[in-house]
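Shared between the two complexes below is subunit A, which has subunit B as its partner in the first and subunit C in the second.
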Partner chain A sequence: MCQVDEVYSDHLERAAVPSVSKKCLKCKEAAAAVVIRAGHSYCRGCFREYFIHKFRAMLGKNRIIFPAEKVLLAVSGGPSSCSMLSLVQEGLSQSAHKKLRFLPGIVYIDEGGAISQSMEERQRIVAELQAVFKGTGFPFHIVPLEQVLDLPSSVLVTGPPTSDQPASAYKAAVDHFIQNNSSIFSAPPDQEETSPPSQKETSLPDIQESRVHLLQQLIGSVKTLTAKADLLNILRQHLLVHTARAEGYSKLMLGDSCTRLAVKLLTSVSLGRGAQLPQDTGFSDPRYGDITLMRPMRDYSSKEIAFYNHMFKVPSVFIPSLETKTTDKASIQRLTEGFVTKLQADFPHTVSAIYRTSEKLQTAFRSSSTADSSGRCLFCMCILDTAVESASAFNMTLISEQLSQTKAAGNTKAELQQQSPAEPESSAPAGQCCSSGGGEDCGRAAGGGGCCSTDKATETPNLRSLLCYSCQLTIKDMSSVDHLPLYILSEAQRRQRRSQMREEISEFLLDGEDD
Partner chain B sequence: MPVLCSSCSHKRAVLKRPKTAHSLCKECFFWAFEEEVHQTIVAAKLFKQGERVGIAASGGKDSTVLAHVMKLLNERYNYGLELMLLSVDEGITGYRDDSLETVKRNQEQYELPLKIVSYEELYGWTMDAIVKQVGLKNNCTFCGVFRRQALDRGAIMLKVDKICTGHNADDVAETVFMNILRGDIARLRRCTDISTTSEGEGVVPRCKPLKYAYEKEIVLYAYFKKLDYFSTECIYSPNAYRGHARTFLKDLESVRPSSIMDVIHSGENLSVREGVKMPVQGTCDRCGYISSQALCKSCVLLEGLNRGLPRLGIGKHHRLHNKILSQQPLTEKEEKKLKSVDF
Partner chain C sequence: MAAPVSIQLEFGGGAELLFDGVKKHHVTLPSQSEPWDVKQLLVWIQRNLLKERPELFVQGDSVRPGILVLINDADWELMGELDYQLQDQDNVVFISTLHGG
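Right, the complex of A and B next:
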C-alpha cells in the first residue's frame, strides 16, 4: 500500500510542474494563486485588480448609467449576484480608483412560496441575506414572490424610455456631475444606514396564507418543470421591473455570469426563443422601455467568480430553487445546464464560444413596433414572433397537428389553403386538443375534456394569440390558465378588446402602425 | 383496449407520432407525413413546373424516404418534375459500396435514372486512401468538403436545375447548435434556410423538402412502408463534437418532443447584428468554384493530399494560399506543421 501511494504521488508531482508556471502572469513577481484558464495564472493581488477592473470596464464601455442614476441590483443570494454586489460596493468606496457614480439599491425576490418552503425556512434565509445587505449600507427591498399576484397591469406596458440621450450627452452629464457635486457621495453610507425607508423594508413583509396558496395553485397548474421554470422567470422579471418602477429606479442590474448566459442562450434556443436571444443575453435589455435591464457580470465565468468570492470572502447564501435536487432530464433548463458544464469540462472553449455567438446577435430593438404593446408578448414582453411566413417551423407544426386530427382528406386540404400565415390563432381551435389544455375554445373539450368548461371559454381570453411562440409552449403545459395573476388576465382582455376595436375600424385606418 | 386513430377514428392506431403525440393508423400516418412534405414544398415554393431535380441519394433512410416521397408527390400533385437520383461514391470499402447497392435497387424500384460520381474520378483520391494518409481524425473534413463539390459537379453533368437533399428536422436543429457552439455566425444564419439561393456558376441550388420531418417519423415511415434502405454508421470515426450536439438534441426531444421544431423556429428568427464581419463570397482562383478565400477548401485539401501535407486544409492556413497559388516552396517549419501527426 505504502509503496503504491509513493509512486502515485511522485507521478502526480512530475505531471503538475511543467504545465503551470508558478509566477503571476501579470506582475511576474508574486507566486501565482489562481489559474483562470490554461496559461493564465495570477497572484492574489493581480487577480483582484483584474476582477475589479473588468467590472468597471464593462460599465465604462457601455456608458448607459448616468451619474447619480438610481440602479437596482437584483441579488438572488447566489455567488454571481453576490459578487456583483461586492463589486458595486468596492466601486463606490472611497479607495476606488475611478469611483462609480450611481446610487445603488438591492432587491431580493423570495421565491420560497413557489417551492413550498415553510415560513420559518423563508424567514431564516431572509435573515441571513439581511445581514449581508445591511453590511453594504445600501437600501434594500425584500419582496416575496406572492406580491406578483397583486401587480398592476401597467407592468405589461412598456414605459417611455427615460435615458434615451445620445452618447455625447453622457459625457456632458459626467462633466457636469464632477464639477457640481462630488459631495453627494461623501454622505450616503451613514445616512442610509439610519434612514427610515431602508429600515422599513428590512423584514419580510407579512404574507397571507391565502396568497401563498394561490401562488402554489398557479405553479401547480403547470405540468412540466420546463414550463414552471419558464413561467417563474417571467413572473420574477415582472416583479423586479415593478419594484424598480415603484421605488424610482431606472436601471436593473442582473448578475448573470458568462457561464450562466451560455446556458441561458442554449436554453432559449431550445425553447424557441431565438428571436429574443439578444435581449435575453445581451448587456442591456430595453424591452421595458423606462427600466433598462443590465448584465454587467456577463464577462465573468462562474469559475472566476467562485475564486474571487472564495479568496476575498464574499458571502453568498445557498437558496434552493425549483430545480434543486432534480435530475438532468427533469427540464430543458437543467438538461442544458448539464450539457454546457460537461462539454466545458472536455472542451474549455465551449462557454466562451457560445458567449461570442451571443455578441454577434442583433441587440438593437426593432423600433418600428416598440410603441404599441399589442405587438408584444403578454408574458415576456418581446416582440411577437408568430407572424411568420407560411414555410416556417411555426406553421408547419400547426399543419402537423391539423393533419393528425381531422377526418376527411378533402376538408383539411381546403382548410390548409385558407389558413393565412399572419393569423395563427385562426387555426388554434383545431390545432389544440383537450389533452394539452391550452385551447379554451376547443369545441370538443366542452363535453368531456375536463380541463375547460363552457363558461370559462367566454370569460378567459384566448391567450395564445397574445403570446410569442415560446410562451405559447409554456401555457400549453398548463392545465388551466385561470390561476394566472389577475394583472395578466385583465391585460389580456384589454388587448383583445383593443384588437377587436381595431378590426372594426380597420377600413378607415390609413397606416398599419398606430401609436 | 385498442387505441383508435385520432385522424380517421375508426381504424386501430399503430403508432404514436413523435412530432405531435397523436395516435394514428398506418394509412393516416402515411397520408399525414406525405401531406406535410407536400405542404412544405408548396409553402416554400421549392420547385417549378418542368424542372429537372436531382435527389441526392446515399442509400440511407433519409434519402430513400425522400426519393420515395418525391416520386409519389410528383405523381399525386402533378409537380411536373423530372426526377433523377444522384449519388456520390466516396470510396469507402465496406460502407459506401454496400449502400450504393441499395441506391441501385432503389433506381430499379422507382424507375429513376441514377448518376454516380466518385471521389476517385473527380479528385483522384478515395476516402480509403485519404484516411490512410490523414488518419481517423479530421477525415470527415475531407469527406464533407469533397462531397459538397461532388454533388454540384454531378448535378452539372446531369444538367439538373435543383438538388434536393434528405436533411431532416433533427439535422437542421443539430446544425443550429453546432454553429452556436462554434460561434459560426454566417452559417448559423443560413443553416435554417430551406433552400440555398443561386450562388453563382457551378453551384446548383439545393433544398431540403424534409426540413420539417422528424428523424423518428422518417424511420417510422420507412419501417411501415418497408422501404429498402441501408443503415450502418460510416466506418471512419463519426464526428465526435457533433455527437455531443446530437445527444443533446435527442435528450431535449425526450423532455419536450416539440423541441426540435422549437430549435428550428429559434434559428429561423435569429437576427444577426449589423457590422459583424461576414465572409465575402468569391471564386476559387484555381477551379472557379465558390470560395470565400483565394483558394476553395477542396483545392487546399487536395493540394495538401497531393503534396503529402494533409494538415494544410485542417485549421486556418489562409496565409499560405498565395504561396500555393504561385507554386512557391514552403519552408521547412511550415511543412513540419502540416505533416500528419502520429498518435
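Right, the complex of A and C next:
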C-alpha cells in the first residue's frame, strides 16, 4: 500500500469496489488472500514473500547498518514493532547472502505508571512480553518509564556520529565480513539461548512507589490529552536513546508503520512541528548524533502488518495507552488517526502520498542539520525553528501571549517585566546579572531567554526559549514545569548560562554571528 | 427457512476490549428466512455481544474504518464484504488497527 510509484490519479477511485480478481496477482495460481491495494491481491505465500522482501530491501537500500553493529529494537508490544521483531528474526535465519548481519537487542519501555496501571497489571504485561522476547534469543532490556526521572543531562546532548562512513566503506565492510564469516554469527540465534548472561535483565526492576507518584504528577500536570501524548513521546525517546547509549548500541529501530507516520505527520503539522517533519518521519533520523534512529517499518501499512501478524501468528500484546477507548475527538492525535484511517479505507493511495511528502522536504532540510545541542530543542532535539528576528510575527505572538498570561503559574511579576521588552529592566530586582553586558542586550535576550532567571537557584529556568514551537505548545499546557525531570531542568540551566555568557562577551566578538 | 449457523468470531488488536476482553466467541445465529450475511451479523453482534461503545466498532451499517475483517483467513474485500453469505463453521476475524505501534 505504501509502494513508491508516482501515479495516483488512476488509484483514486474508491477501493471498496470489489473489482479484484480472486487469483493471486503474482503467482496467478493460488487463491488471493490479501488485497494490498485495489487490483493488487496476493495469495498467502506470495504475501509473506512480499512482506519479508520489503524489509530486507529497505535495509539494503539504505546501507546504514554495518556488519556486526549492535542494533536496539524498540518493541512496544504493539503489532508494528512485534512484526519488526519477527522480520529481524526471519532475516537472521536466512541463508548467508541474504542474511541480516547485525546484532539485535530488544528494549521495552513499560509506561504503565503514566496511565495509572496497577503494579500487578504491569507485571502481567511484562511477563507476557518476556515470553515473546525469550523466544527470540536476543538480549532484552525491560525499562520502566519511571527511570526517565533519573536520566543524566547528557541525554540531551548530541554525540559525535559513529558511522559517518562513505558508501564504499560499507561495501568493503560487508565483503570483509562475508570472507571471514565471523564466528559470532555461525551459531543461529536459537542456539545462543544456552548463554543466559545475554538475557540478564529479565523482569521488571523494582519501582519505588515515590517514583511512580512523581511520574504521575508530571503527567497529571499536563492538561490536555494531546500534550500528554506529546510529552510521553518525548520522555520515551529520551529513555530509549539513553538505554541504547548505556548498552552500547549505535542504532535504534522504531516500529512506526506508514499509517502511523502519516498520522504523525499530519498531527505534527497541526501541532506546529512543520520544521521537524523530515526527521520525525524519515527512514533514518540523525538528531542524536551517535545514535541513529531508524524506521524500517515505514513502508508497511497497518493493514499489511495486521494481516501478516494474524496469518503467520506473530505474537503481539495489547497494551492500553492514554488514548485507549477514547473517542475520535479526544486529542489531535486521535482526530488525525480517525481521518487517516478513513482515508486509508476509502483512498488507500493517498496515505502513502502523505508520508512521502516528507521525503520531498528532506533535502532542503539537511543543509542545516549541523547545529550543536544548544541550537536544538531541549525536548525533542530537533533544530530550533524559533531563532527568528525579534520583530517577527512569531515573536509578536509570544509577547502578546505573555502579556495575557500574567497569572500563569510560575510567572512572577518580576519575570513578566523582564519578558516584556517594552519595560526597562532596571525596575526588576534580578537585573544585576546583566551588569557586565549592555542594557539593550539584556532586554533583547529577555525576549527569548530570560537571562536573569538562573541566578536564583530555586527559580525554574525559562524553558520556552529553549524549545521548538511545538514543544512550547506542550509546555504551555502544563500547570507547572516543576514536575519535569531534573535532567531536563538542569540541562536548561546549563544552556541558559551558556547563552548568557555568549551574550556577555558578544561585544568583544567580531561581527558576523549575531545571536 | 435457513438452518441456524454456527460460526467462530475472533477479535484482536484491541477490538476485544469492547467484548469484555474475550478474543474468541463461538456463536450460533438462529435460523431465519433469509441466509445470514455479514451485514446482518454486524447487527447481531451489536445486539448480543458488544458490551460498550458501539461507535468504536461499527459505523453506519459497516465496521468502523481501521477495523479489518477476515473471513476464513482471507481479506473480506475478496469475499464480497457485507454481502458475503455466512456458511456453517465459518471463521470471521475482526482486527483493530487503531492505535497500534
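Definition applied: the second predicted complex is superposed on the first by the 400 of 515 C-alpha atoms of A that agree within 3 Å, B and C clash if a C-alpha of one lies under 4 Å from a C-alpha of the other, contacts with A are read in each partner's own complex, and residues count from 1 in each chain.
The rule is short, and it goes like this: a contact is a pair of C-beta atoms (placed from the backbone, for glycine too) under 8 Å apart; a residue touches a chain by one contact, two chains touch by 3 or more.
Since the model is a prediction, treat every value here as computed from it, not as a measurement.
Undergrad: Looking at A:Ser86 after the superposition, I want to know if it touches subunit B, subunit C, both of them or none. Which is it: first, second, both, neither?
TA: neither
Undergrad: Name the chain, either subunit B or subunit C, that contacts more residues of subunit A.
TA: Of subunit B and subunit C, the partner in contact with more residues of subunit A is B.
Undergrad: Check whether A:Ser470 is in contact with subunit B, with subunit C, with both or with neither, and answer first, second, both or neither.
TA: first
Undergrad: Between subunit B (first) and subunit C (second), which does A:Ala306 come into contact with in this model arrangement: first, second, both, or neither?
TA: In the superposed model, A:Ala306 contacts subunit C only, not subunit B.
Undergrad: Return first, second, both or neither, reflecting whether A:Gln147 touches subunit B, subunit C, both chains, or no partner chain.
TA: After superposition on chain A, A:Gln147 lies in contact with neither partner.
Undergrad: Can A:Phe318 be said to touch subunit B (first), subunit C (second), both, or neither?
TA: second
Undergrad: Looking at A:Thr281, would you say it contacts subunit B, subunit C, both, or neither? Reply first, second, both or neither.
TA: neither
Undergrad: Which stretch or stretches of subunit B touch subunit A in the complex?
TA: For this pair, the touching residues of subunit B are 6-9, 17, 19-20, 22, 24, 28, 31-32, 35-36, 39-40, 43-45, 176-177, 179-183, 185, 188, 194, 212, 241, 244, 248, 251-252, 254-256, 258-259, 261-274, 276.
Undergrad: Provide the residue numbers of subunit C that touch subunit A in the complex, in ascending order.
TA: Touch list, subunit C to subunit A: 12-14, 16-17, 53, 55-56, 65-66, 68, 70, 73-75, 77-78, 80-81, 93, 95, 97-101.
Undergrad: Touching subunit B in the complex: which residues of subunit A?
TA: Interface residues on the subunit A side: 224, 226, 265-266, 268-275, 277-278, 328-332, 335-336, 339, 343, 347, 350, 353-354, 356-357, 359-364, 385, 388-397, 399-401, 403-407, 409, 412, 416, 433, 469-470, 473.
Undergrad: Can you list the residues on subunit A that touch subunit C in the complex?
TA: It comes out as residues 15-16, 18, 20, 22, 31-35, 41, 44, 76, 78-81, 255-257, 259-260, 302-303, 305-307, 310-311, 316, 318, 321, 323-325, 327, 337-338, 341-342, 344-346.
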